[in-house]
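In the two complexes below, chain A is the common chain; its partner is chain B in one and chain C in the other.
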Partner chain A sequence: MSSYSLPEAVPAASSRRLSGNAVWALLLSLPLLWLLVFLIVPVLVVLIVSFFQPTLSGFERAFTLDNYRALLSSGPFFSTLLNTLLSALITTVVTFLVGFWVAYYLALVVPNLRTRFALFIIALAPFFTSFLIRAVAWIPMMGREGVLNSALLSLGITSQPLDFLLFSNFAVRVAMAQLYLLFMISPIFFSLSTIEPAVLEAARDMGARWWSILWEILLPLARPGIVIGAVFVFVLSMGDFATVRLIGGGASTSVGLSIQNFVTYMQFPQAAAAASILVLVTVLGVVLLLRWGAIGEEL
Partner chain B sequence: MTILAQNERPADDGLVASGQRGTVVLRGVSKRFGSTTAVDGVDLTIPGGSYVVLLGPSGCGKTTLLRMVGGHEVADAGDILLDGVRLNDVPAAQRDISTVFQHYALFPHKTVYENVEFGLKMRRLSPDERQRRVNEALAFMDLTNLRDRLPKQLSGGQQQRVALARALVTQPTVLLLDEPLGDLDRLLQLRMRVELRTLQRRLRITFIHVTHNQEEALAIADQIVVMQNGQIRQVGSPQAVYRRPTNLFTASFMGDNNILAGRVASVDGDGILLECEGLRLRARSAPEPVVPGQAIHAAIRASTVRVRQEAAAGATLPPNCVAARATFVEYLGDTVKLHCQTASGLALVAKVPEQDPSWQGIREDETDLMLEWDEDDVQLLTS
Partner chain C sequence: MRTRGRWFNRFLGLYFALILLFLYGPILVMAVLSFQGPQGGMTFPMRGVGLHWWTRLFEVRASELQEAIIRTLLVAVETGAIAALFSVVIAFAYRRRLPGSSALLPMVLLALMTPGILLGLGMSLWWRILNFQPGHLALLGVHVVWALPFAFLVMIAVLNRFDPRVEESARDLGASEARTFFEIVLPIIWPGILSAALFGFTLSLNEFERSVLVTSQNTLPLQLWAMLTVQIIEPDLYALGTLTVLITFVIVAALFIPTVIGQFRRLGGATPPSEE
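Right after this comes the complex of A and B.
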């Protein structure tokens, strides 16, 4: 008989250790509970209330489709929904067009890793202040007597102040693009940062010019980041009402703002129905984005 | 096969015809990064169709030199010529040179086929021509059944073949390989280095290969270029570099050399007598003329040292002979390495074949040994 004498395995310190599965279950249960209490339950409540009969002082618990019927047959609500969708799409495209190059510069042009992250933090700096302050800060910039109009007037580019710079759809979209830009820059920056420099060098070695490298290498490899950034910006600007109220000043509308108005007049079922429609449209948009991005393969 | 048929390469195997394309000449090439000099006045001629290995430790400038040839780094001074044409200002894409990058740098989002096709697409070849040449290159590198895979779905060896196919599909006259075997496990390294050599023989184009692994360089190269601190220390065939190192760096980098510091005692017509730390050595010749009294290093390859079990009888031993004891017998399988110490405290290593009975019965720190070697095997390190 052949026998090997090796030191015996040391028994586990404790036989009553939690199994791996139990640890995972414990770790995951807390966020799941959080999601249940603060997301799933409220969404269900909103959905249920949207089917209730509105009364002058609130609602009574009687099932009806009238809320949806009224909203979907109302021209103003429809144009509000379209305007919200348009604003969200424009904001997403603009943040992509601007944010991609910021991310490109940070990830691929800045050579030193430390400088790169320092610049990234600086790009983050405006987001250290509150959302409202940044939105309000647009008013002295864009107003009739604001910085931009004064500059245009004194340079003689215009003879009178431009009104569309504030309290307009244009102003809302500019402000939202600025407010949400970071949500586009960050994921693209991280996507581009993972590209090996040698890959770009190999492309150049094989004769790729700047344009081909962008089209053949950078954009495809940044696609997960672009899609994630687009989802962030799209969702945020679909739900926006504060920017619309402050910068739009009544000249711009959004579903979020309508919901707020419904709530102000205690029309909870209508608010809930509008919210449900908004969520549905937003989710559809996100699904389309993810499908276009075919993001499943990358992640 | 287009890859092979290009520019009517000579048909005779292994012969490097003079005037063959792919001759790279470097003249006084230098490159600095900030205050460090990566490459320092390198002069080198790489004959067309040869397999040249740039060998040296990390940071010796070998990769920088390769990158300058490839056009990925700009030389601060000197000329880089390919077949007589100055390349310094020619962009990488327009050089008739391809690179297999370290870690291969495959395009992670493109399939094997698309990776190989990329260079042809950038050269705006017609789709038909592209398809024909990619298919040929894939067949040539035995990748046809992997054409639709992504790089992450390939093994290290397969990724390397894709990198080779991608570099060769544009029919370069020079192929640069930056540590091409570094990412592979040892067994695959041994196989792939044979394949690289075979591939170069079939293609008859110039291969310039960078590595820090001496064994790999010895196995694969026509010419080895040993580099240190941005300078070339020795150029020669594997045998020349291995057996006849001319300088201290090459002798220590090529491994398993006993290196002794000493002085020239006398020079006569037959050879050179040296005094090295109480040991007398006799060498046949030196790479450069030496004079008595000159400080010098000598190298004796461990495998040329013979071992006898015998106590030192007389008081004086002839040169190239010393009494010692083994402090450690290192059994390596095919060879046995005897770490010895002389009476004067000098450490010497002898390496004997495993089948050689001379090492058997040697007991560490007990058995009296006589170490001996030929004067032909004493290599003076003068340059």
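Right after this comes the complex of A and C.
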């Protein structure tokens, strides 16, 4: 019935049990090789090409630091980098503040396990849809004639349509928070779900206040989930360029978008250098986040 | 204390509903706007109601999109199959602590964390250095890299629920390694493998950031990107978006509903503490 999925395993393994491990090692080399060719090498290639000499149609294999020098001494690139970092930080903090309570509600308030899973999946489902489509869908919400502006106008909250709702840094950050929210909710939901209700009940019986339960039990126990979620959202929003392009119009920039522009003009070494700087800053941010997570465990 | 807690929980329920509105609102607005009349634009107000843009999607756009759709589906099926196969291998090796599996885990994590634009750029440069034509293989390569961590997580979850005693007793009764795997283990974890494959399929279907620099042959998301950034967009785009969202939701439902029901059955409908 199912012998087609691992055909090469049959002749080798059926003879002797001892060869089982050898077969697994052989099978294991396939994903290993795949990840090497399509993940590790491409990342290294970016690093290497960032030191190559740019030419009109590509690059020459001659070592140079000029790509980095040019980028780091360029004011626009620097402010792009800062803007990217700021957007990523804001998105991370906002998704945490918004997402924690969603995870809290799902894991600790919804009593029925079936309802809990169903609600979680309903919240999770949009994540699987096209990222582009979800970004596009923001346009009729946030535009000058969009739903939000019409609502604000008809409620008399504003007298003119608000322009900053679309094609601005603000719009980009709101959209990113929406697009990446699930990456924050899921890990927090899973870590809150592992908490024994008896622990909370005991704390309550001992007279602990609601906020001290939150502060001294829930937050520390949810910390691994929070750190994982924060790393996810931070990394994703650092590398974002589609949201920035579609929602930001021309009014917002990101390093990812600069990379794409460099590639459009065949400036590969510059693109690679920008990507390397982006990765360096991202990794620094992730290390800081993980360190913050580890300190919490020691305390 | 108790009553305050109840009010707070009720408030959280309302809050959760608002978050769902935040997540689904734009999609719903897009779906509604796709039923504009022929004069309709990209925003409210609706100018007439009709299937104008949907018919346009199927009659005019379809031929334009056909190639991209076929290519997207092909890559998605391949990605699902390969990611599922790999995730089974890695998850099993990891469970048995085979040498090499400890090296794979950080790589799977890296696959999850690498920004799409970086992977796409690296892939296109790497292919350029090798003098390969950018195309199907490179695209499949990065799609599998993207889908693998999720498929792996699914398999780990499945194997955690798998009782190792079943495997042991088969072996104790004299079944060979291969026979144990194909006749005992595989039938049990088969639904898990299928969901890993469907996961990969869905992720590949909608993948954009990794693909954009890797291939010159458009997939559906790439075609969408071209339409969005170069052409003047019309509400038939909303129809297309609504359609892909619907298809994705059907797949997600197919993925999760059996799991949820299974979970429910296993627990006998009771509501015990949330231990997995």
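Rule of thumb we're sticking to: the second predicted complex is superposed on the first by the 265 of 299 C-alpha atoms of A that agree within 3 Å, B and C clash if a C-alpha of one lies under 4 Å from a C-alpha of the other, contacts with A are read in each partner's own complex, and residues count from 1 in each chain.
Heads up, the rule we're going with is that a contact is a pair of C-beta atoms (placed from the backbone, for glycine too) under 8 Å apart; a residue touches a chain by one contact, two chains touch by 3 or more.
Fair warning: this is a prediction, and the values are worked out from it, not measured in the lab.
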Superposition on chain A - do chain B and chain C clash or fit: fit
Contacts of A:M206 with chain B and chain C, given as first, second, both or neither: first
Partner chain(s) touched by A:Q178 [first = chain B, second = chain C, both, neither]: second
Chain B versus chain C as contact partner of A:P140, first or second or both or neither: second
Contacts of A:A251 with chain B and chain C, given as first, second, both or neither: neither
Partner chain in contact with A:A198 - chain B first, chain C second, else both or neither: both
Partner chain(s) touched by A:M266 [first = chain B, second = chain C, both, neither]: neither
First (chain B), second (chain C), both or neither touched by A:L214: neither
Which partner reaches more residues of chain A (counting touched residues only), chain B or chain C: C
Shortest span in Å between Cα atoms of chain B and of chain C, once chain A is used as the common reference: 8
Chain B and chain C contact sites that coincide on chain A, given as residue numbers: 196, 198, 209
Chain B residues touching chain A - in the complex, by the definition given at the top: 70-72, 92-94, 98-99, 101-103, 105-109, 118-119, 122-123, 166, 170
Chain A contact footprint on chain C (complex, rising order): 1, 4-5, 8-9, 12-13, 15-16, 19-20, 22-27, 29-30, 33, 42-44, 82, 85-86, 88-90, 92-93, 96, 98-101, 103-104, 107-108, 110-111, 113-119, 121-126, 128-129, 138, 141-142, 144-145, 148, 171, 176-179, 181-182, 186-187, 190, 193, 202-203, 205-206, 208-209, 212-213, 221, 224-225, 228-229, 233, 237-238, 241, 244-245, 248-249, 251-252, 256, 259-260, 263-264, 267, 271-276
Residues of chain A that touch chain C when the two form their complex: 1-3, 5-6, 9-10, 13-17, 19-21, 23-25, 27-32, 34-35, 37-46, 49, 58, 98, 101-102, 104-107, 109, 111-114, 116-119, 121-126, 128-134, 136-141, 143, 145-147, 150, 178, 181, 193-194, 196-198, 209-210, 231-232, 235-236, 238-239, 241-242, 245-246, 256, 259-260, 263, 268, 271-272, 275, 278-279, 282, 286
Chain A residues within the chain B interface of the complex: 196, 198-199, 201-209, 212, 216-217, 220-221
